[in-house]
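First the structure, in the form of structure tokens, and then the observations on it.
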Amino acid sequence: MSGKQNVYEINLDLPDEKLLELSRKIGIGLSLDEMKSVRNYFREQGRNPTDIEIQAIGQAWSEHCCYKSSKSLLKKFIFNIEAPQNIFVIKEDAGVVEFDKDYAYVLALESHNHPSAVEPYGGAATGIGGILRDVVCMGAQPVALIDPIFFGPLDLPYDQLPKGVKHPEFIFRGVVAGIRDYGNRVGIPTVSGSVYFHPGYTGNCLVNVGCVGIIKKDDIIHSRVKELGDIFVMVGGRTGRDGIHGVNFASAELDEESETSSRSAVQVGDPITKEPLIHACLEANTKKLLNGMKDLGGGGLSCVVGEMAHAGGFGAKVNLEKVLLKEKGMKPWEIWVSESQERMMLAVSKANLQTVLDIFDKWDVDAAVIGETISERRVLVYYEGEKIFDMDSEFLTGGPVYARDVKVVKKDQKDVKTQAPKDINDILIKMLSDPNIASKDWVILQYDHTVRGSTSLTPLYGDVVNFSPQDSAIVKPVEELNKGLVISTAVNPFLLEYDPYWGAASAIDEIYRNIVAVGGRPHSLADCLNFGNPEKPERFGDFYQAVMGLNFATKDLKISFSSGNVSLYNESMIGSCPPTPTIVGIGIIDDVEKKVSSNFKKEGNSIYLIGKTEREFGGSLYYRIIGVEGGIAPKMDPQNLINYSNALLSSMEKGIVTSCHDLSEGGLAVAVVEMAFGSDYGAIIDLPLFKDMRADEFIFSESNTRWVVEVKDEKAFESLLNKNNVPYMKIGKVSGRKLEIKQNGSKIIDAPIEKLREKWKNAIWEHMG
Amino acid sequence: MPFGSIWGDSMDRSEIKVCVLRIEGTNNEDEMYYAFKRLGASPELVHLKDLKDIFDYNCLMIPGGFSAGDYVRAGAIFASRIRAKIANDLHRFIDEGWPVGGICNGFQVLVELGVLPGFKRMDYPDACLFLNNSARFECRPTLLKHENKGKCVFTRNIPKGEIMLVPSAHGEGKLLLPREKEQEYFDRLFENDQVVFRYVDKEGEYAGYPWNPNGSAHNIAGICNEAGNVFGMMPHPERAYFDKNKNGISGMNVFESVLKYIEEK
Amino acid sequence: MKVEIKVGLKEGITDPEGLNIKKSLKLLGFDDVQNVEVKRSYVIEISGKDEKKIREDIDMMCKKLLINPVIHDYEVEMIK
Amino acid sequence: MKVEIKVGLKEGITDPEGLNIKKSLKLLGFDDVQNVEVKRSYVIEISGKDEKKIREDIDMMCKKLLINPVIHDYEVEMIK
């Protein structure tokens, strides 16, 4: 192999420190041990690698592509949870779960954190583009997008901004615009998400993106070649220098220079190329013309060819000069690892090739034949007739696996006695004005959440222009079925920071009750595990505890993680992000007409609280606002979660529950007032005396497994809950236009809904305009 | 021409062919398709490239979305491509009284084509759907009051004064008329019964933001041409069939109306 | 040949985008900002030597696509 | 004082907007179009006399709101 085609031999016969330097210089970020095993491999081959070969290894072995730090834990505690409804989970870009006898839904969740920190608009937009491809490459029609996003505080003074870091407000604005412009243009509704502000995200925002698709079971297609001679057809956008080394960039901490040095990793999304690409891929697939399909994401061609061939039990031969390029003069290795957007790889048998090419031509989408499968399990790359790459696909896709050191820092959690606050009204107002609680309409209304005409419950819903935040969205994906997909997301970084184990378990509790709150039966989960540098034992200790918490909470629920993603190294010079295992949950509702929304419906209806309230204030909004540290983190009991949920669901099926909202941050008080926001009404809440709790503690506690419900038939409701041994308490009624909370006759909260609504509505607008 | 009309009978529903026209980026075509399908008609999704003869159809619908990315202006690229390909046929189709409807991006396209408000035949726009006052894309429910006295063939089934809840989702929806002729044009719109829907609040009053999501003058949400067979509106009746909300009736009545018109034509 | 087409809003048409940016700048503490106008320009590279023909083509592009005469003014500059 | 900030994309960053407009112009029969770039400019009116301070403010506005140095190039022109 010579340098004739702009391909160079890389000499690995180097002393150790030079070997490591080489890894850094060519931008692949492999460790010394990894470089050594590369050296050994090529010694056995009796030659040095070419630049394109070593770049390919750099891609395939990055944390992002091969999960080298997290794989062993995930296998043991996340992937092994089983559920009968799963059809095909974990193994490919998206999980496939049964929807009804003919249809399945497809779920994928990913992070796009590092690119968004550097170029928020393009980074977030291409995140949406990537997650759509993950769903399309299973053959599914995307029906909903989900966007949990996390930033530093909006009011961070500019002089406290570390060098090279963009202000949270700038990033927030750009990320939302990127999601909006991409999602709206491709016409897939963004129906669910979350927005968090926490100092730990200042240097490294998190942008997680999820997508749900629907597919006829017969049409499911896999990310692998099927038979010898399958032809690789590359379709969609052209290949350019944008997005080179994206995965390596995603597998390192951000530093001061990231802003300028990582420009080549910035990708630009083109939704108007994507939209017809989706149509064309789905058309070719439903006509049964494809043997396999996979998207080009992290690692580009380099990863996709090797993985598709390897998974099918074959090898591949590629003619690299056939790849359609955006720009002249690209080096072969650049073509091989470029992460340009909007590209897909198809495996097509010779007999179907022309028909497939015709479909892409009809949609004005570029398609190029670039190679074929071979029987030997190797990847061979030719460039204008010359062989420039020849590697064993087992070695290439194998990648290292690590057992990282775990250090668990135990907090001694004790119950704290606090002073009774003087003005509880004021505390509630502070809560509602906290950007983490405040209305997210600045974000949500910029996204089209009704496109496709199948959104039956929108994320904000209520009385035309006044909205209550809903716990889940509902989408009806199949024209001839009334069945709906219930979509929600949950994670509370403040709780996870305080207690990664119970924080993670609480996220599962919250996702479950969010789905149940609208009338859905929880059905499957996806997780995106965003953590700091795994090479630091304490950071990896957080990861370990969170994974154990997820395992504890989920293993008996009969729902499982059908897809997920790990994003490590979310650290900058000012520290790590809080542990953030974002959870997306999917539920099923048999008839979308039976949905339950959170806004109050009718004056005079009774209000009940379901579940048990404990002195659990560790990581709570209440303690943050009154400046108290410590407390006990909320626990959860999976069996209670199931029992309470089942009882609540049957009362909903009987039509006696007219609205429902789960209790999360800010507890009962915030939940009740949010139910009033989307209605014309207020509420009068009258509490009894409690043995071990003051009224303010009761209304702000963040104990898990609780809901507020509005009920129109008290007797039927109570007898159903009694029968199922579910703890509940009648706490008041829908009434007037104020929120009044009393205990034993004396008022502790008394405020017009209109005033509370103003505070809640304006908090984010005051920054973003 | 369909068989039925020769005999003067009404046309059979399932024979009514509706062309749902698209190019890259028109992404509301499926829900538009189903709006007609659910009512028993025969819609077809047709890429502009593949459109042979518009007279193969009884109705032309331009769906919402971001045709060609809306990169120059909303609807501009789609409009100029339609004009380049079928300008004459389109005018003849309209002159013969066949219905042409545009929802959201489709409304923008019809305005960019110059067929709405359609005071005279022209090859450039005579109005504009301009950036919302909020300067951003907004997706929210809106209340529309039906104001047409019977001219618009897309709303004849809807009683005048009816208030309906219909989702809106657009960034450029504020109707602007040429400044020099603004007053004259608005007068003509009202006098000619070309105003079809206006944004209102729960009391039925013409209220400001957010009831009127874009700042459109006179709260106008939808208009038709002088003959009543070309119609455009910003909100999305094709998305409004879940919520038979207490505030109004389902958006399906828009499609029902035009199908009735074709049946009787 | 490169041509720049600068597109602005006609006099008297308020520019929501400009107003919005002004508002955001004020929120960021730039109190001295009096007004913000947003313009777009298209820089078009076009082959051919005949300046007159190019100029005509450009006008056609504006008329057919780039401009809505109800709201826009435009200027054309031949760069080279 | 009026200041114009012209913003374009850095070399090597693909511009889907320009590409899509080019494609549309070609479809409309303008075959000679080789390339389309879209630029934006902000014309900001700002009170105060101190040119140096204004220039600094403008740079801060760019940094805080209007541009991202990773992908954008910009030029500032003091008009009057």
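The first chain written gets the first letter, and so on, giving A, B, C and D; residue counts start at 1 in each chain.
Throughout what follows, a contact is a pair of C-beta atoms (placed from the backbone, for glycine too) under 8 Å apart; a residue touches a chain by one contact, two chains touch by 3 or more.
As the structure is a computational prediction, the values presented were derived from the model and not from experiment.
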Going by the touch criterion at the top, tell me which pair is linked by more C-beta contacts: A-B or B-C. A-B
Would you kindly tell me how far, in whole Å, the mean C-alpha position of chain D lies from that of chain C? 11
Once you find the CA centre of chain B and the CA centre of chain D, what distance in Å lies between them? 35
Cα centroid separation between chain B and chain C, in whole Å? 29
Numbers and ranges of chain C residues touching at least 2 other chains: 20, 24, 64-65
I need the residues of chain B touching at least two other chains; which ones are they? 68-69, 71-72, 77, 80, 84, 136
Chain A residues counted as touching two or more neighbouring chains: 271-272
Would you identify the shape of the chain contact graph, picking one of line, ring, star, complete or other? complete
Please give the residue numbers of chain D that touch chain C in the complex, ascending. 21, 24-25, 28, 30, 32-48, 54, 57, 60-61, 64-66
Of all residues in chain C, those that touch chain A in their complex: 20, 23-24, 27
Over in the complex, which chain A residues touch chain C? Could you list them? 766-769
Using the touch rule from the top, collect the residues of chain A that touch chain D in their complex. 118-122, 158, 166-167, 169-170, 173-174, 240-242, 259-260, 262-264, 266, 268-273, 326
Spell out the part of chain A that touches chain B in their complex, as residue ranges. 180, 184-187, 271-272, 275-276, 362-364, 445-456, 463-465, 476, 479, 592
